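Next come two complexes built around chain A: one with chain B, the other with chain C.
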Partner chain A sequence: MMSKQVKKLSYGLVFVATACFLFWGPHLLSSYLLHVVILILFFSFLGSAWNVVSGYAGQFSFGHSAFFGVGAYLSSLLYVKSGISPWIGMLVGAVFAAGLGGFIGYLTFRYKLKGAFFALSTFAFSEMLRIIALNWSITGKAMGILIPLKEGGSFQAFQFIDKLSYYYIILLMVLCVLSVSYGLDHSKLGYYFKAIREDEEAAGSLGINILKYKTIALAISAFFTALGGTFYAQYMFYIDPDIAFGTNVTIEMILRTMLGGVGTVFGPLIGSAVLESMAEVIRSFLGEYKGVSLMLYAAMLIFVMIFFPHGLMGLVRRRPKEAADPIKR
Partner chain B sequence: MELRVLLQAIVSGLLTGGVYALIGVGLNLIFGVMKIINFAHGSLLMLGMYSTYWLFTFFKIDPYLSLAITVPLLFLIGVIIQKVLINPIIEYPENNQLVLTMGVMLFLENLALFLWGPDFRTVKVSYVGTVLSLSIVRVNLLRFIAFAGGLLLALLLYIFLKKTDMGKAIRASSEEREGASVVGISVKRVHLISFGIGTACVGAAGTLMTPFFYLSPHVGHLFLLTAFMVVVMGGMGSFIGAIIGGFIIGLTESLGAVTLPGSLGQIIPFSLFVIILLFKPTGLFK
Partner chain C sequence: MNLLEIENVSKTFGGLIAVRNVTVYVERGEILGLIGPNGAGKTTLFNLISGATLPDSGSIFFEGKNVEAMADYQISQRGISRTYQIVKPFNNLTVLENVLVGAFNKIDSRKLAKEVSLDLLDFVGLYGKRDHTANRLTLAEKKSLELARALATQPKLILLDEVMAGLNPKEQTAAINLILEMNRKGMTLLVIEHKMKIIMSISKRIIVLHYGEKIAEGPPEEISRHPKVIEAYLGGKDAVA
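Let's turn to the complex of A and B:
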């Protein structure tokens, strides 16, 4: 039996070791591996953002690319057209996306759209934004926006020559969204979300304002998703309507989160790490065959959905009791 | 705007609506019976189109005659998907089912990409340019056949659902799954057949469109949201609703294309869809 102090000390040591590893580890990686790690973190960030409304509050969104695209386009436009730093643009985009999320949430939840209907209406909103971006001269139409490069990089312009800087930025963002998820697991707000997910009517009869909290969940989720959009635009230096508002980025968020474990803190991170490394391994072996990597990716997803409906986190976590398990009703 | 242009747009919208109706009827049947939103519906359309293409390219089978092969083929594919993939998770929460059909969509699209490459393909029949002139409006023969064929197949399905025992069993299980199984209907079998028929419908729509539309592994994406809109507008589970929804979407799309510049016109059906979702989420006819 460990004494309390020893336990505290060992937790502290693990924490310090993890921090050192996260800080120094990437220095040892090749540029390619670092890119893979950045992608893992990036998609887990998006997945965690999606998870807030779709996992914790149980409202399945199929239109998160709307918020992603708003973040990506707003910061890029502000930078390209008026020279405003993407750091500021990132915040502006996120606030704007949160407003949009609140608007969409208020509209749809007010009319009690649920499940598939809610998913389809978010899908329709993201498609509308895609068509607007595709036809509006300010957003560059189908050509999209190419962010002009600054020689030597510049912190103010959110441009770095080394990938390490991007790694630290996305790491920080992931830590931030993970603490939000952790907070949701341990706060009143999170309990409200979960209560709504488990049984909306019961939650409502206990005095929880369902419309308000669903809308808040979507706004928070949209806020973080937009931050990811800006990060993407500044990492790739290019966005177009299909990348920003298309279904692909939405599907990535959903797949990785569902694979890792929806409604859990670490699910999106685990799902993203597993899928990304698997996709890279398959690509390196079967790269010349177009489509094979995504085929295996899809097959794995189907397999997990049938045999491990809680996702990979379901294997690690203590399973809920039979009666309380939402999967086996 | 010239009256002729407007009339032309209305006619062409109605023609497209006939095909959308058939796509919608298929999706609707699957939703009505199993309460599953099938994200793979567009990819199944794509499979129907490719089957037609290969039958035409290798065996010189006329696209319309190939219906005799593509419809049973797609029915079989639907039955297999239902039996192997959907059935095990039929009692799971909606989100898991959505993601599963999304997985099927990704798989089929990339299978097509792997087998047939990313190239855009077209089927060129000898009568491709034939145009029927009705006073001031001109109608492309291929689009007219697709319209008539789509409606005819939908009508056949309607008669099947109304008159046959199997059709009645399908309608019963769509209204009350447990009640149907209590009175001795094999709900599992009903699910197999319904998913098969739904898939066959969208496959037939694919075949009907192949002579005047291009094919690519991702062509289904173009029709996925359209199919959803058709079904939701008309009312999920409402057969007539799906047909009328098909016409509404076809019309608004085509009118949007002539009144707004670029592809901006597509925004009109989307906005209409959102408005209907907000004020009458159960659809116009339910």
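Let's turn to the complex of A and C:
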């Protein structure tokens, strides 16, 4: 038996060690590996954002690229057209996306769209935005937006020469979204989301305004997804309608989260880490045989879905301590 | 003023008249029994009271306020809570979390809500299983869980939809004791029950529905002798072989 103090001390040590590792570890990585780590964090951030409405509140969205694209396009346009710092654009995009999420949520949830119907509606919205971006001269049509580079990088312009800066930014963003997820796991709001996911009728009979809380869930989810959109634009310096509003980014969010565990705090992070590493390893060994890596990748995904339907987090889910429980208080 | 007053309420589903011109009142502090053969409209009446469905006509007053047009969550916030004939636990949440969701109806602080929830779990006898996910409970336990969850919203009136159905005699006795104990603490209950013997032993007043209409109302002794009730349950003189 560990005493409480020893336990506290060991937790503290683990925390400090983790913090040091996260802070200094990346210095040792090559530029390529750092890029992989950044992608892992980036997609886990998006996965966590998607997880709020689809995992916690149980409303499966297939159109999150709508919010991702809004974040990417708004901050980029504001910077390119009026020189407004992408940091500010990031926030503007997120707020705008939250508004859009609230709007889409209110429209769809008011008519009680569920399951596949809700998923298709969100997909329709993302497609609508893609087509607008594809045909509107302001958004650069199919050419997209190329962000003009500043020599030597600039914090104000959200441009950095070294990947390390991007690493710290996305790390901070991931820590932020993880604390939001953790908060949801332990708060009234999160319990309301989960109750709605489990049984709407029962949730309503317990005083939960279903329409209101579903809409809130989608707005929160959209807010964070848009932040990821701006990060992407500033990391790649280029966006076009297919990248920003296409299905690829949506599928990445969904796959990684499902692999890690839907509706869990760490599921998106773990899923993203496993999937990204898997993809990189397969690609580096089998890259010369075109298509083989994708086939292997798909086979592994199917394997995981069949044998771990609750995702990897399902393997470590806490079991109740039955024997230790007293029957009466 | 009665706690709940239902006046001339009707509800049809397509061509089927589920509830026809029903008038019922519930006094503060009583256990009112609601009985009737299958398809009599008992659960529909519950759905109308709790806001799960809206009535076609008629009015419902709760504490003197018009509530028939309100949504389910508004009615719950006003103080009417219910359980379901076919249980609806939040399967992937733990027993404690199930009750917590109910407690959040009136309490915002998680710590306080947890205390209330644990007390209620103790009351219904599920304290020992608080960390189990709800899908691992037996039917009797799930019904107790729904009871605790409904109580957690701190209702003034609670609607129990066949809490005894599917329970063995021992579990039934436990459930009866819970209902009586809740009533002793001041809770008003409207109870749907299939088993005549049980409902007669716990309520002083009983309403009988048949094909959506109220056919009798009164104390248990009167109800059990009422010719219309006997006819409804036994299918009329001709049907008695």
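Throughout what follows, the second predicted complex is superposed on the first by the 318 of 329 C-alpha atoms of A that agree within 3 Å, B and C clash if a C-alpha of one lies under 4 Å from a C-alpha of the other, contacts with A are read in each partner's own complex, and residues count from 1 in each chain.
To be clear about the criterion, contacts are C-beta pairs under 8 Å (C-beta built on N, C-alpha and C of every residue); 3 or more make two chains touch, one makes a residue touch a chain.
None of the values given here were measured: they were computed from a predicted structure.
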(Q) Touch test for A:Ala119: chain B only (first), chain C only (second), both, or neither? (A) first
Q: Identify the partner contact of A:Pro309: answer first if only chain B is touched, second if only chain C is, both if each is, neither if none is.
A: first
Q: In the three-chain superposition, say which chain, chain B or chain C, touches more residues of chain A.
A: B
Q: Identify the partner contact of A:Tyr192: answer first if only chain B is touched, second if only chain C is, both if each is, neither if none is.
A: second
**Q.** First, second, both or neither for A:Ile132, with chain B first and chain C second
**A.** first
Q. Does chain B (first) or chain C (second) touch A:Tyr111, or do both, or does neither?
A. first
Q: Look at A:Ala49 in the shared chain and tell me whether it touches chain B only, chain C only, both, or neither; answer first, second, both or neither.
A: neither
Q: Examine A:Gly204 and indicate which partner it touches, taking first as chain B and second as chain C; both and neither are also allowed.
A: second
Q: Could you tell me which stretches of chain A are touched by chain B in one complex and by chain C in the other?
A: 326-329
Q. Can you list the chain B residues touching chain A in their complex?
A. 37, 85, 88-89, 91-96, 98-100, 102-107, 109-114, 117-118, 217, 221, 225, 228-229, 232, 261-264, 266-267, 270-271, 273-274, 277-279, 281
**Q.** For the chain C and chain A complex, residues of the former touching the latter
**A.** 50-52, 71-73, 76-77, 81-82, 84, 88-94, 97, 100-102, 104-105, 108, 110, 113, 118, 122, 127-132, 149-150, 152-153
Q. How about chain A: which of its residues touch chain B in the complex?
A. 54, 58, 60, 62, 107-108, 111-113, 115-117, 119-121, 123-125, 127-128, 131-132, 134-135, 141, 247, 251, 254-255, 258, 262, 289-292, 294-295, 297-299, 301-302, 305-306, 309, 326-329
Q | Touch list for chain A against partner chain C, complex | A | 186-188, 191-192, 194-195, 198-199, 201-210, 320-322, 325-329
